[in-house]
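In the two assemblies presented below, chain A is common to both, partnered first by chain B and then by chain C.
Now for the complex of A and B:
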């Protein structure tokens, strides 16, 4: 019983991070139509930057902030390169993001090497109903919660957020209203970088940091994102939590190596289910 | 003619190899109402898009001495957003984002302000589309297919609104319209575009009485207009 609660809590925390990555996918895809294959890379980059900033003696908070800002800027840069030229075909943009993802690898290996690194999050554990839990879990859930609330406010309550939604809803009409849809798309990439960076600084202290660990984050985040057809941030949050908890349960009750299969099985299942519904939906 | 608000000179637009507009010239004066008619695929939407700056011409010039805003074909509303949000997004390029002035002109929109745009009737949606375009306080309103898919009564009321907009605020209107009878009734001057070229232009009376226009557009009008004072209804072409 107490093991179950333990799994649930760690699953929810991991799921929150997946949900942040997923929301990055959704934010970018809604406005630009591009599936950003570099999305997991933002998180890893933020992890490495936090590692180095802490090493350099910067305090917690400042280090993470720096990392998230850099991930945001990197997101914007990926946007400029992949969609900045008007008339770039969607498939070309998507392939550019794959290429940039590999460029991240090269840069990261050159700077930080290819051996696993580790950086500290919130140290220590706390007791809850007879369980011992890592404090970092609380930080992840709180950080993700605040981020989602802020995102909700941004999209539903601010003029700029509504401009994002308008571009997603009807790019032609947005253009006729004088909105530079390409620029909004680049801003969406920056927001995707921010969300990926947040996931990285929150989750990665619990994992070891290697250049290619973005794959795991990206696959889980993508699986969460397609819960809502890559369109709905709310569904991505639910998707992230489902996957996080499912993986924690699978790892806890069977074997840790099976946990990677969870999201892949979910991706295939959801895609097949969505494809089978499409004829009626159209 | 009065001061030109819009002047299009020798405009050519291609989609790949296909020529959509060939050497098109057209003018709209400040405060004028001008109709642009022609069959499907003639290039009317292409012309409006070039004027709006969303597509680039291969050759020719578009001279504008004011702001132009387009009401796009098929309304193109932000379907999941409220009417008021649709309006406010229309004001992106100007500082004033309060829809009060548009509500004054189209009072029905004030009643609909909280409704989700995609759930409205076709006529209401067209009114939102017009209102959204007006939010940018254009000097020229370019309307693509005002009456498309709307009931005659609804079209009449929209036409009245355009008349009073033109009269009270001196907003010029370039009206693309399949219903040529309506277009010539509303606009004192018109152009006929066919296969990417302007084939006729002149005053509404001139065009309405021209044999070519009668045969192609008025005789074979899709919906018979009841009791219009006109004897010749030879729809043999």
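Now for the complex of A and C:
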């Protein structure tokens, strides 16, 4: 029983991080229509920057903030390159994000090498009703909770957030209303970078840091994102939690190597389900 | 009569194609055996890239799992041949196996509009790699599948004049023939009525549907054909190396096929050939450059990631139609 609760809690924490990556996908896709293949790279980049900042003696908090800011700027840069040129078709933008993901690899291997690295999150464990839990789990859940509350406020209560929603629902009408859709798209990429970076600094202390583990994060995040058809952040949160918990249960009760299969099978399963539900979905 | 001959057979493109064919036939004996291996892989990459270019250029869809179909074809041929099926039948089964799997995953995924296929195929490749590594009883797992019989017979076995036909040089020509078959087949396909319908599909799905193109069915056909090509190339690969392991089919290989297809020009048969040739040469140059003394151990990895990423970004931004259309445009413009 206590094992089950332990798995559930670690699953929820990981799921929250997946949900952050997933929301990055959703934010970018809603506004620009681009599936951003560099999304996992933002998280890994933030992880590496945190590692170096901590190594350089900066305190916790400052290091993470620095990493998230850099991920945000990188997100904006990816946006400028992939959609900044007028008339770049969607397929081209998508291929550009794949290419930029590989340029991330080149930079990361050049700076940090190709061996796994490890950085400390919040150290220590705490007891709760007879269970010992890592403090980092609490931090992830709290961080994700605050982020989602802030996103909700941003999309519903701020002028900029409403511009995002306007571009997402009808880019042509938004342009007629005087909105620079390309610039909003680039801002969406920056927001995607911020969310990816947050996921990275929160989750990666629990895992080892390698340049190509972005594939794992991106696949899990994408699986969560398509719960809502790449359109709804709320559904992405649910999707992230489902995948995180399912993976933790599979890893706990069967073979750990089957854990990765969960999101992969889920992706295929969800796509089949969506196709049967909406024969020609938009 | 002469004018007919001239117009039909001496068009610049025909001459060029004949030249490319002749040059590529004469090249292999001049290479050392290491470079012959590169040439064999080049012909296989051409086969895969022609299919992927068709999928991206005609159906407007992107597959990040083309190496998975390559792997499926390789393992299909390897396992069947190892368990006693005649080699040529096993080779013929390779494209069929990949095509069947592609049709199965394509039916649901291609019904969704947008770029779901990209992630679905990425997930598919990760699943295939996991299965190949875990099903140790069948595939040999991470250790790999060895003991695949050679494709071609050994002549006069046991005598002084013994001649093993399974040399890299012979495989250069096996690969050449397979690539030539695929190129001819694809050219005819593109020019046929379904091919024209597909080209309409790439321009505007709604427009094509309104003009009577069965959008979903045609997309599925292209996806299946591209998988079959990859499977065929994989089958030859299995017999050429006589050994397979999941590590030979990384995601990077799928990306490499995308780079080749986009660089040459999407939907262009000869573009795929050109793209594959340029990238194979580029990789050779980079490997030579990265193995210079004094460079760090990671230099080859850094250079190849930077090259793949850089080529994808730069081509999409500045040569979105690809190399071949750009060259053709330059040539057809009257020089001033």
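In this section, the second predicted complex is superposed on the first by the 279 of 282 C-alpha atoms of A that agree within 3 Å, B and C clash if a C-alpha of one lies under 4 Å from a C-alpha of the other, contacts with A are read in each partner's own complex, and residues count from 1 in each chain.
In this text, a contact is a pair of C-beta atoms (placed from the backbone, for glycine too) under 8 Å apart; a residue touches a chain by one contact, two chains touch by 3 or more.
Not measured: the values here are computed from a predicted model.
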With both complexes overlaid on chain A, does A:160 touch chain B (first), chain C (second), both or neither? neither
Regarding the shared-chain residue A:149, is it in contact with chain B (first), chain C (second), both, or neither? neither
Who wins on chain A residues touched, chain B or chain C? C
A:92 contacts which: chain B (first), chain C (second), both, neither? second
Applying the document's definition of touch, where does A:226 land relative to chain B and chain C: first, second, both, or neither? second
Just chain B (first), just chain C (second), both, or neither: which does A:4 touch? neither
Please write out, lowest number first, the residues of chain A touched by both chain B and chain C across the two complexes. none
Residues of chain A touching chain C in their complex? 33, 35, 37, 81, 85, 88-96, 98-106, 109-110, 113-114, 215, 219, 222-223, 226, 230, 257, 260-261, 263-265, 267-268, 271-272, 274-276, 278-282
Chain A touches which residues of chain C in the complex? 56, 60, 62, 64, 105, 108-109, 111-116, 118-120, 122-124, 126-127, 130, 134, 251, 255, 258, 262, 298, 301-303, 305-306, 308-313, 316-317, 320
Please output the residues of chain B touching chain A within their complex, sorted ascending. 52, 54, 69-70, 72, 76-81, 85, 88-90, 92-93, 97, 132-133, 136
Can you check the complex and tell me which residues of chain A touch chain B? 159, 162-163, 165-166, 169-170, 172-179
